Amino acid sequence: MSGNRFGTLFQYTSWGESHGPAIGVVVDGVPPRIPLNEADIQAFLDERKPGGSRFVTQRKEPDRVEILSGVFDGLTTGTPISLLIRNEDARSKDYGDIKDKFRPGHADYTMQAKYGIRDYRGGGRSSARETACRVAAGAIARKILTHQIGEFVSISGFVAQIGPHCADPARYDPAQRNENPFFALDPAIVPVWEDFLDQTRKNGSSAGALVEVRAKGIPAGLGAPVLRKLDADLAHAMMSINAVKGVEIGAGFGAVTLSGADNADDIRIGEDGKTPMFLSNHAGGVLGGISSGQEVVVRMAVKPTSSILTPKQTIDANGNETEIVTKGRHDPCVGIRAVPVAEAMMACVLADHWLMHKAQCL
Amino acid sequence: MSGNRFGTLFQYTSWGESHGPAIGVVVDGVPPRIPLNEADIQAFLDERKPGGSRFVTQRKEPDRVEILSGVFDGLTTGTPISLLIRNEDARSKDYGDIKDKFRPGHADYTMQAKYGIRDYRGGGRSSARETACRVAAGAIARKILTHQIGEFVSISGFVAQIGPHCADPARYDPAQRNENPFFALDPAIVPVWEDFLDQTRKNGSSAGALVEVRAKGIPAGLGAPVLRKLDADLAHAMMSINAVKGVEIGAGFGAVTLSGADNADDIRIGEDGKTPMFLSNHAGGVLGGISSGQEVVVRMAVKPTSSILTPKQTIDANGNETEIVTKGRHDPCVGIRAVPVAEAMMACVLADHWLMHKAQCL
Amino acid sequence: MSGNRFGTLFQYTSWGESHGPAIGVVVDGVPPRIPLNEADIQAFLDERKPGGSRFVTQRKEPDRVEILSGVFDGLTTGTPISLLIRNEDARSKDYGDIKDKFRPGHADYTMQAKYGIRDYRGGGRSSARETACRVAAGAIARKILTHQIGEFVSISGFVAQIGPHCADPARYDPAQRNENPFFALDPAIVPVWEDFLDQTRKNGSSAGALVEVRAKGIPAGLGAPVLRKLDADLAHAMMSINAVKGVEIGAGFGAVTLSGADNADDIRIGEDGKTPMFLSNHAGGVLGGISSGQEVVVRMAVKPTSSILTPKQTIDANGNETEIVTKGRHDPCVGIRAVPVAEAMMACVLADHWLMHKAQCL
Amino acid sequence: MSGNRFGTLFQYTSWGESHGPAIGVVVDGVPPRIPLNEADIQAFLDERKPGGSRFVTQRKEPDRVEILSGVFDGLTTGTPISLLIRNEDARSKDYGDIKDKFRPGHADYTMQAKYGIRDYRGGGRSSARETACRVAAGAIARKILTHQIGEFVSISGFVAQIGPHCADPARYDPAQRNENPFFALDPAIVPVWEDFLDQTRKNGSSAGALVEVRAKGIPAGLGAPVLRKLDADLAHAMMSINAVKGVEIGAGFGAVTLSGADNADDIRIGEDGKTPMFLSNHAGGVLGGISSGQEVVVRMAVKPTSSILTPKQTIDANGNETEIVTKGRHDPCVGIRAVPVAEAMMACVLADHWLMHKAQCL
């Protein structure tokens, strides 16, 4: 019911506003006796942390996580794990203008329409700051997957396109992911994106991006045939990330123009003489809503940041027409920092489905 | 938890296999004192019903719905509404070959991997026959919306593309929707699709489709800012429909190449002097996860039917490599019959969010 | 959310009114590959069935169950199991008087206050007829427990007191349970209860009862320390049975007068040299909300039937004061037929907790 | 699913261990624009706070609550309210002995059996310290009830019996509740309980108690006819409180010996000429699972504290038989501090049902 809770067996409840004293997340349903410490979580928070390059927001937040419960002698105990992250660089004055004006492309108007009140400081609950909680929960989800399935499980995302500029899959090199400010796998696209985003910022505008996440090592059997299809849950999770406007799995929208003969992935027996081996992966690792053992492949469209210096027409809380320019410290391309968030959401969905699969309960 | 249950306040639980004695759905959370009879539901089932043209499966199912509970003197009572649909034309012999072989592109292998048993007759629980239950539930969802919000609420879908052939939005005429076997709004595309699908069937193959659904008359305020974003729930619902591989809202994947200045929809005051009027709808009616009062616009990619006469490589339940040709009565383009299902799912999501909005509980 | 759904992993959704065409239940979360047929369920329905003696209602219902889905080749498939029971002896004319008058002690007034409409025929959704669905679901719950834990698991209930007449535990003989119309274990109390109930009926009144249910063979570890305590879930389940007004576990209300030294059950090592053996069972098999491996013991107070021939003061739907005599075919002591229902609810709670325990998910 | 979450629309998730750095609770589903500050919550925490008299534990905890989110300008915003309470007087050395030995009557053995690990310090997650979170959540629940229904709503509990010594309802005076260390309404029983508990402590033992809670001003219509009966939810909530072994509503176990004619509460029209007026309240304010507008009356049995100085037989983690004496700072009668907790749980259940009733969603 809660709009702030994720999951069925692996669950988290996130809370906090952009400019309140802190944000946090309570992670529940974690099996007992899994090694966990703050550094396990911090590593992923650091990837999402603002201020890492000139292509992301300049807000300075250490995003240091504290574990307040659920871990004893370095092991999870099966009880809820409460994580706390203090907000330290909340400059509310930057946002004075948005107290009364509704920023186009933002939740300002709709939050007011829904609740009749909103913490307008930094977007309050609608701020992408909340995604730090998702990354923290995702770090625990990864621990479950690697501890219970195996260290070979990996969930890794990257930016595939910024504005009109596509990376070239032929040049993808996973080792490049951490060598540039874009989570790009194609080193040749990096200077193109740098120039494009520098120009975009100079224009007082922002850019959209295409993000892809892949999970390797996921066994067959996760998901269910009707309403808890694995891909349906992935679509929900990805579309719940701020600024995401589209989600596809495997061939995705490309499947519209494929023939049935080309789209269905042929099956052979793998080298071990028993595991199915698929000759292609148009399915994106999910057949009939259930994982097939192939790589799970999801892509999402991230819209350009709506907080821009270009003046936009809008209205204020009193119903007057006006204009707004959104100052402050904003990401020129939110798609970049969406990468660790999308990875985290995939980890959370897979951990939840893994536990349900193990429990034979779906 | 259940993989067969939809919703939070407006809920349904579906059950039944393709070739069992019946399928059905229990719809709960329906407010009391709403007029409802079997004809209200039958009208929508008839749209989804197989056998309507040569472009859909030739299985003959009247799909006649019986209301077994929850309605008294023609009004809902607030108690669960149980709906039953008998299976009448289940020719299990047609499917003998799939008992032991896994059809590529289908759930056969993954269902076996998950449960260690499967009702292989007609795909069992994984069959799209289950979507009749969704359409029945959707008919009740529509009643809630029109009874409580107003008769002006409408949810209408159409096919926008089949294979490589796109309809032209400039020619869209809503009155055309029921005048052709494709739920097409563009009359000029109809003969193109007829030829294309006739040829596709002759080739023993099948075709993908792009389906769009629009909801008019939805008030601002439905949804929530974090994990129950209206668009996230819509993405889940649409991706849970058989054969759907991608979902987008508003500008969707097109937003990747838009600039922030172009993408954010400018806001003015409407003719009534108070309601916001948006100058474009890249948002697809949802801002920050909450409806804005604009038209809600969702598109989805439907893959080509995997049941085809073209031989495909596969394996059998004993781990031997083999080949399969899927005979039987199949849709050459499942995207067509996906239209009433997608409408129903949008109605269900909106009814659920409407009730949560009214309850101020999200 | 739904008020008609039970459980977390083992779940059921019940539907139907006393005098509608049918009642039924959709049982979901049943692990695959468990043998199940209609006879497994029918045996328990027959225990609850009306008309078995002069001490229960004379309504004649065969309560024949049909399995409509979820079972294939005699085995569960992991998909929802839909069960249907037709109503065959609904004499709506018997109940004409209650259309406008609210029966004291019944849900008539509160249903009207809540929904503004009610199916008054036989109590509609508030009728104890719904408990047939619980018994059917409970039969499946038992199959899960015996199939997965062992055939030694048993859940057995009995009547311990009717009106002021208590059975004597010193004379309890489990073999007596099916040898009398009361589910009594003490044969000496049977004639006392017969005389008492015959007299009660002659007086146009009804009697309360104390029902006890015990579960043997339940392993340690079911439950959780805070809000999903096993005893809390049992209390919920038992109190949800029509006419139950109190629930206690182990020493129950008797614990108020025990000293801490007497109440805490001493622990020794059992004969196998490792399993804990408790020297008493004041805890009723649950410590800190988690099963200890001892017998789980629950008792509940069942109020006297409110449908009696003695005239009672009441009001009608128009707000006028009036009087009512409830004719029709009613149980003089609903506590008797509550026994199989209470057993079923305990089976459902234990199956649900067993699955959660096995899944390590609570 | 989570064992640490309460509620459907009004919800909370509690976390924290007795001797960890902090405990806390995230309260979600609170309607927007309700005035709320820390003092509103602190007042109730102070009632439950340890150290108030010689009849409760001597642990010194200020139980100072911090609001970390969900409140803006003194009003709730509809987003989750995170509450934090630091643990300040955790003397882990007091509990060294229980690291390896299982205390009879406690969750030590069952927690180990369930999770294979436990934070043994002060009982960890099983400690009644967690109930501070419930009291904090309950304070917010009360705000919802009084803000939305009216200031006349009151939820008040008291101790009715300690060991064998019953208070006399004929002498009940609500004004006495805060004038003695027992939440007693009968001033004449106070010295009796003082002497009894002083003697009990000298004997190294502890005492049980009977607690009663009453809610006034609750409108008719809260609850539902089948599995979300208001009394079933109350039974669950009360039985989930540490040490509670029995729950009854209205006449409760006393209903077993009442005749149907005596038990059903006659109905007349009240002074306003329209509201039903019941001539007695054997129902305890709930008919067929739905509130009737009468006072809601619940009683619960609280077992004597299991932490006592009297030596008890037990086993250790290695399976050896041994003996244990539980030193430390324990309540001689936990029933006393259970009063504010039971009130809080009733407030939470009623707030949840109130929101569901308002939403017409059950």
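Labels A, B, C and D are assigned to the chains in the order they are written; within every chain, residues are numbered from 1.
By our rule, a contact is a pair of C-beta atoms (placed from the backbone, for glycine too) under 8 Å apart; a residue touches a chain by one contact, two chains touch by 3 or more.
Keep in mind that this is a model prediction, so the values were computed, not measured.
J.: Give the chain pair, either B-C or C-D, that is connected by more C-beta contacts.
T.: C-D
J.: If you take the mean of the Cα atoms for each chain, which one ends up farthest from chain D?
T.: Here the answer is chain B, farthest from chain D.
J.: If I compare contact pairs by residue number, which of B-D, A-C or B-C overlaps with A-D on over half of them?
T.: B-C
J.: Suppose each chain is reduced to the average of its Cα coordinates; what separation in Å results between chain A and chain C?
T.: Distance between chain centres: 46 Å.
J.: Can you check how far apart chain C and chain D are, centre to centre, with Cα atoms defining each centre and the answer in Å?
T.: One centre to the other, that is 26 Å.
J.: For chain B and chain C, let me know how many angstrom lie between their CA-based centres, rounded off.
T.: The separation of the two C-alpha centroids amounts to 40 Å.
J.: Note the residues in chain D that touch 2 or more other chains, in rising order.
T.: Expected reply: 1-5, 8-9, 14, 29, 32, 78-79, 114, 125, 225, 361.
J.: Chain adjacency by touch: line, ring, star, complete or other shape?
T.: complete
J.: Taking the touch rule as given, give the residues of chain B at its contact with chain A in the complex, in rising order.
T.: Interface residues on chain B, with respect to chain A: 1-6, 8, 14, 102-111, 113-114, 125-126, 130, 161, 163-164, 200, 203-210, 220-221, 223-229, 231-240, 242, 245-261, 263-269, 273-274, 276, 279, 282-284, 287-293, 301-308, 310, 312-315, 319-321, 357, 361-362.
J.: Would you mind writing out the residues of chain A in touch with chain D in their complex?
T.: Touching chain D from chain A are residues 1-5, 8-9, 11, 13-17, 20-24, 26, 28-29, 32-33, 66, 68-70, 72-73, 75, 77-82, 84, 114-119, 124-125.
J.: Would you mind writing out the residues of chain A in touch with chain C in their complex?
T.: 1, 9, 29, 31-32, 78-79, 225, 355-356, 358-361
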